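To keep things simple, chains are lettered A, B and C as they appear, and every chain counts its residues starting from 1.
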Amino acid sequence: MTKTNPGHFFEDFTLGRVFEHATPRTVTQGDRALYQALYPGRFAIYSAESFARGCGLPGHPIEDIAAFHIVFGKTVPDISLNAVANLGYAEGRFLSPVHPGDTLRSRSEVIGVKQNSNGKTGVVWVRTQGLRGDGAPVLDYVRWVMLRKGNLDAPAPEPVVPELAPAVAPEALVVPEGLDFTGYDFALAGGRWRWADYEVGEMIDHVDGVTIEEAEHMMATRLWQNTAKVHFDAAERPDGRRLIYGGHIISLARALSFNGLENAQIVAAINAGSHANPCFAGDTVYAWSEVLEKAETAAPGVGALRLRLVATKAPGKAGALRGDDGKYLPEILLDLDIWTLIPH
Amino acid sequence: MTKTNPGHFFEDFTLGRVFEHATPRTVTQGDRALYQALYPGRFAIYSAESFARGCGLPGHPIEDIAAFHIVFGKTVPDISLNAVANLGYAEGRFLSPVHPGDTLRSRSEVIGVKQNSNGKTGVVWVRTQGLRGDGAPVLDYVRWVMLRKGNLDAPAPEPVVPELAPAVAPEALVVPEGLDFTGYDFALAGGRWRWADYEVGEMIDHVDGVTIEEAEHMMATRLWQNTAKVHFDAAERPDGRRLIYGGHIISLARALSFNGLENAQIVAAINAGSHANPCFAGDTVYAWSEVLEKAETAAPGVGALRLRLVATKAPGKAGALRGDDGKYLPEILLDLDIWTLIPH
Amino acid sequence: MTKTNPGHFFEDFTLGRVFEHATPRTVTQGDRALYQALYPGRFAIYSAESFARGCGLPGHPIEDIAAFHIVFGKTVPDISLNAVANLGYAEGRFLSPVHPGDTLRSRSEVIGVKQNSNGKTGVVWVRTQGLRGDGAPVLDYVRWVMLRKGNLDAPAPEPVVPELAPAVAPEALVVPEGLDFTGYDFALAGGRWRWADYEVGEMIDHVDGVTIEEAEHMMATRLWQNTAKVHFDAAERPDGRRLIYGGHIISLARALSFNGLENAQIVAAINAGSHANPCFAGDTVYAWSEVLEKAETAAPGVGALRLRLVATKAPGKAGALRGDDGKYLPEILLDLDIWTLIPH
């Protein structure tokens, strides 16, 4: 019998099944440095311990999105090794900042299953929790994937499609304990625009672009222990190209958004997300944001800004997302809907 | 007189000569993160402090192979700057896990010399020790290299060829102090196969492949302070290609072996090793293992598995090693013989 | 109104204006590891805590040049986003070693302005200080850049050209507190040449070369939070090539100089520097040094060596710098004038 991991197939995902994912991972200052080397962000709360302390935090956490990648990476061997497509995210919330020294692990529960009419594939919804060593959750999110059936004769399960919020409600956002933006230093943060300066419907072209290299996206993807073959083995695809992990594009877009959103320091929620088109080495990635919604939080001086964060291969086209046919334009790589925390 | 390091030549290696190699190096959490970014391994004992503690260790060490590279790298300027070929390894033992904060240095003693009949080159055997700052050894190994003579008129030394064990005897393996696998968590480790599940003669195809980039192997090689020119300077070889440091392939193969050997957590010995063919950027590396021997250890719950770990450019060919002529197949990159520690 | 950073233009630089640059950054062990992975240096005082302590320091600092890059990177969004050319450096002094845990920020004061006769550009001189969180300066330097005018109708300012020392005077060099080379271990440092062995006028060919990859220079440049577009976006230049950040070449040259200057452990000053020609991925970089001046310091066993450190694409041509026309040869990348500290 083969000793390598065959992954799971559609019929293995029974409603309510829980996966305790393998390989806990201790976060270090090395992860922070690599994140800085891989992505051009400069959000001050992650960059400087003193800045984070000035905002009421006990130290400077690692980037929220880095924690997301670590938690996500652990789910790949169980959930998506046999995935045909990563269909979406919902109800992602960051519950507690992650610091070097924290050990993270992941747990997923099957909350929805629906076989496709072709009888060969099906859609599985899982809710994943990232947990610290002490069992405290650091983030959770729902994602759904299309999976192959391993045994085409396996009976179709009773279809269950979970009801998912179109976005995390502002009152459900978790603000990091102690966060206080009343003494926020806008000059040190590198931007003067605050919560009140952004208007719903506003488009922000983040201007800068980054051309992607194979070594970079592979180093990033391994760092999160995400070992899906298609990212590493040039022989996996007929065109001989390695597919870039969608999370690499999320991190790039978020980092590029610093230019124009310097004070949107913290990602509090991932409301939805689509990897609209594949990305390959040699592509140059740009980003733009649209302000979708504004909300208050109970924390002192802390407002919330809901943003559509888009990664695209076309510079200077903030707002261009879909064609007349309603489909994503071919240059769109990522359409992400997030809540960020920003000072008043 | 030139101030750059000319290295040593065959005639400089007199039996019993000891080299205290330069540039001690303090290991950090940054080295751990880079190792994770460069190699796709997920062995839990190196990944998570809590997992290592659950196995009786005082913390999570850096990968054994990373410690080997650091110790090896220091020997290059003295031993192999003028090497024609790196011929082999033997009697390599890991004596004590290395943790961030440890400072490593290296010492080598010449234990064998034999001039070749051409009068222009000779073979030198050295036993190298890696030492912690307090003088405690962390690993030792023998390697032999073919070196040019600097002065062709230097007399040939009395030939001395050391007797080397074909493999480290199981009873000579050093199990890290405190290691106890009786409470081992197979689910968190990511694999269910234990010592009893592996049979001598069994072949394991590790399935996954990684296409290598120039930036990656150079970053790895510099990280170990191994500055042999041929790895960095495209003008060093007539074909304009940079030769990939053999240690990069060792680390890749070991990391790829996670898929199928998830619980072979610790490398306890390097019995032998050959870099069968050169490797270049653009090559895709796969790995397979053959179980060579099984043994017990005195540590609770800890068994030993001796493996032939092979890196190859050909996927799906576990077991294919040599041609009818007895020579390595052209796709074979590495043939490594190691002892690993694995739970009962 | 656009929310992205438009940078500053020539007319924004009024004499005496002070910029408190954004994004403080806490240095970590991860930065150290990445620096080692990116550059082939092995200076022992940065490599090993024990070696640094043996030289009287409280621990092993990060490379001086890494601290310079961090401080420099912060100035880019304010000073040089609209620069036409980076013209020079002067009076750079390292005032206090930087250690992991230190948080750095930068401040610049305009000390000179001179509009060019074309009325479209002008030269700005700034003195930049790198500051630790407690306000203690870690380094300072002057640089001057040519900037575009944003408003061509802005009146030309009264020209003020600062008087700058051609080199930092030996008595103005700051030796790190506690530095004592009287017990210096030349064998562990990896080189036997000491202060007395170097003669003014001596040329040292550092022999080794490194071929540069896109992923490497971009990772380095992001690590220093230097986000100038031309280094990252292949579409920024008509030739589709990314320009390599000059600081990457400084670090490469300094690291290559280890071979022949193993004991020139510490960079104490940057007297002057020119990025003579642009560098692109695929170029192979070599280095040579010329001993310009020797001086004593008040610290025990510590001498000072002033070096011209040259990065070039042509190997084996130590001393070849300018053509008959007095201009830099086309293969010259960097002409840097530094003071280093070296044991007697």
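Keep this in mind: contacts are C-beta pairs under 8 Å (C-beta built on N, C-alpha and C of every residue); 3 or more make two chains touch, one makes a residue touch a chain.
The shown structure was predicted, so the numbers you read here are calculated from the model rather than taken from an experiment.
**Student:** If each chain is a dot and touching chains are joined, what shape do you get: line, ring, star, complete or other?
**Tutor:** Contact map by chain: complete.
**Student:** Have a look at where chain B meets chain C and say same if over half of the interface residue numbers show up on both copies, different if under half do.
**Tutor:** Copies use mostly different positions to touch.
**Student:** Using the average of all C-alpha atoms in each chain as its centre, how far is it in Å between chain B and chain C?
**Tutor:** 36
**Student:** Which chain B residues touch at least two other chains?
**Tutor:** In chain B, 28-31, 33-34, 213-216 touch at least two other chains.
**Student:** Give every residue of chain C touching chain B within the complex, in rising order.
**Tutor:** Interface residues on the chain C side: 28-34, 36-40, 42, 44, 47-51, 60, 187-191, 193, 197, 204-211, 213-216, 259-262, 284, 315.
**Student:** What does chain B use to touch chain C in their complex?
**Tutor:** 2-5, 20, 22-26, 28-31, 33-34, 77, 100-101, 103, 105, 133, 213-216, 218-220, 222-223, 225, 227, 229, 232-236, 242
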